[in-house]
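The chains carry the letters A, B, C and D, assigned in the order they are written, with residues numbered from 1 in each.
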Amino acid sequence: MGYVAVVGPSEASADELADAEAVGRGLAQRGHVVLCGGHGGVMEAVARGAADAGGTVVGLLPGTDRTAANPHVTVAIPTGLGEMRNALLVRSSDVVVSVGGSWGTLSEVALAVRTGVPVVALRGWPLPGDPALHPVATVDAALEAVETLGR
Amino acid sequence: MGYVAVVGPSEASADELADAEAVGRGLAQRGHVVLCGGHGGVMEAVARGAADAGGTVVGLLPGTDRTAANPHVTVAIPTGLGEMRNALLVRSSDVVVSVGGSWGTLSEVALAVRTGVPVVALRGWPLPGDPALHPVATVDAALEAVETLGR
Amino acid sequence: MGYVAVVGPSEASADELADAEAVGRGLAQRGHVVLCGGHGGVMEAVARGAADAGGTVVGLLPGTDRTAANPHVTVAIPTGLGEMRNALLVRSSDVVVSVGGSWGTLSEVALAVRTGVPVVALRGWPLPGDPALHPVATVDAALEAVETLGR
Amino acid sequence: MGYVAVVGPSEASADELADAEAVGRGLAQRGHVVLCGGHGGVMEAVARGAADAGGTVVGLLPGTDRTAANPHVTVAIPTGLGEMRNALLVRSSDVVVSVGGSWGTLSEVALAVRTGVPVVALRGWPLPGDPALHPVATVDAALEAVETLGR
């Protein structure tokens, strides 16, 4: 059991949302605590998947209003840090899974690689190679990579 | 149901520890999420009480090492913020309960009053009066005050 | 030369403001970088004194709007941390001088004592004794204490 | 006059270091406050250039030790935020200039674009296009872009 952040854009495609939900469900079924940014899009999809499977979903919100959390978050922390909470999300995770791409997602992935937190990247933007960065093509591969990396 | 931070010194008297454990138990029984600093002393006692009652206990740790959390914390967040995490603890809570006194506890209580988060103070250091500050003499009074203030 | 934070209430008495301005002037004349919270009251008075003496005054603002700084700050940093910037102010200083009292000021003084940053307290609220806490009665005594403690 | 962060890798090529120093010099000559991460490589080169031109160079250090700053920083702020200080650097700047590429640099550039802070990118990694992102090929073009964007 570990702590896995799932990051991704608030405006996402249907495929990305479906993948995020499946990743959240799979992580919860494997006993992991799921962390996310607490808002919509990929953040909401992963929370829905994890919560439906009975998991714990921590939402680290950028603002100070707890009610801004999506309804699937089970522990909502209004950090008031703005986008600086991205760094808190990365720091408090054993592994980061990214689903899809955006500038915010890129900042999280880059910070994770920079600080040595392994990243499993599903459907993301093209990036330079790095030992800490693990591109995968399917939800199942993402979940398997988390198991391997989280040990 | 709300989010209640319980703050207090890492080196505490037997009475303070007993009170903190009882506060944690009572908060969990009433369905609140308990937040604490994640380390020893009052932080560990309140976590033990809440966890024994089946509650969720979030530990916001000052360092980057999750294993520094006391064993009763159910969600451990290594913030890497140092003592700045005291401010995160206050910010992410609906009500703060202080048990006992120390300089760290004082910083949290003062910040809570400053930012309008109600404080229930049990066995604390003497402080100036303020509408946001609610000194109480017993665990039961503390729990009752939380119910009133958290609404 | 060192880095000295001067903290105090945004709503202060005429005596407190005069003292804060004199402290700022004296610190700048002695070659120290002055840090403050960047807003009004004691924060503005100390900035005015230091800037008038040609010093560097860093304002660590709670919000994200640089124009909220008082006009005497020479380096304005909009931290966006809210009241969490109090902890940044304490952390980045060699010595903290408090002028007057308020809940915000108390949170900064307590955090400084907690983390071992020496505090020179002028006209402050009554506090428990501690080796890190140095109550003084005059501006001159405050400036002398800074020189001794900052070494 | 504005506040301009210059970001880049701590391990940089001779060309990148020369460019960073020239950017620092040019920014200081135009009256801007220069912010950087306070350590070596591009951070030191830009600080050297700006300080040689008599400018103010703020170093936002990741650790709590002020002496870790490179010798050209004129105001050293030990934030104790770790790599989270990258976000503080972006937030407190009107424009970000990146010189060269690294994962840390990428995290800063991506966060700036995400939060609407214009980025002037000199010799950086390839990135998707965005209205906030301004790739340039020379130091002069970088300095001109800062003047245009900072208004």
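Miscellaneous remarks
The criterion applied here is as follows: a contact is a pair of C-beta atoms (placed from the backbone, for glycine too) under 8 Å apart; a residue touches a chain by one contact, two chains touch by 3 or more.
Since this is a predicted model, take the numbers as computed values, not measurements.
The set of chains in contact with chain A as well as chain B comprises C, D. In this structure, the chain pairs B-D and C-D differ in their number of contacting C-beta pairs, and the larger number is found at C-D. Chain centres here are means of the Cα atoms, and by that rule the chain farthest away from chain D is B. If you average the CA atoms of chain C and of chain D, the two centres end up 28 Å from each other.
Each chain gets one centre point, the mean of its Cα atoms, and the points for chain B and chain D are 40 Å apart. Touching two or more other chains at once are residues 64, 80, 82, 84, 88, 91 of chain C. Across the complex, chain B meets chain D through its residues 64, 80-82, 84. For chain C in complex with chain B, the residues that touch the partner chain are 82-84, 86-88, 91, 102-104, 106-108, 110-111, 113-115, 125, 128, 130. Against chain C, in their complex, chain D makes its touches with residues 3, 33, 56, 58, 64, 66, 74-80, 88, 91-92.
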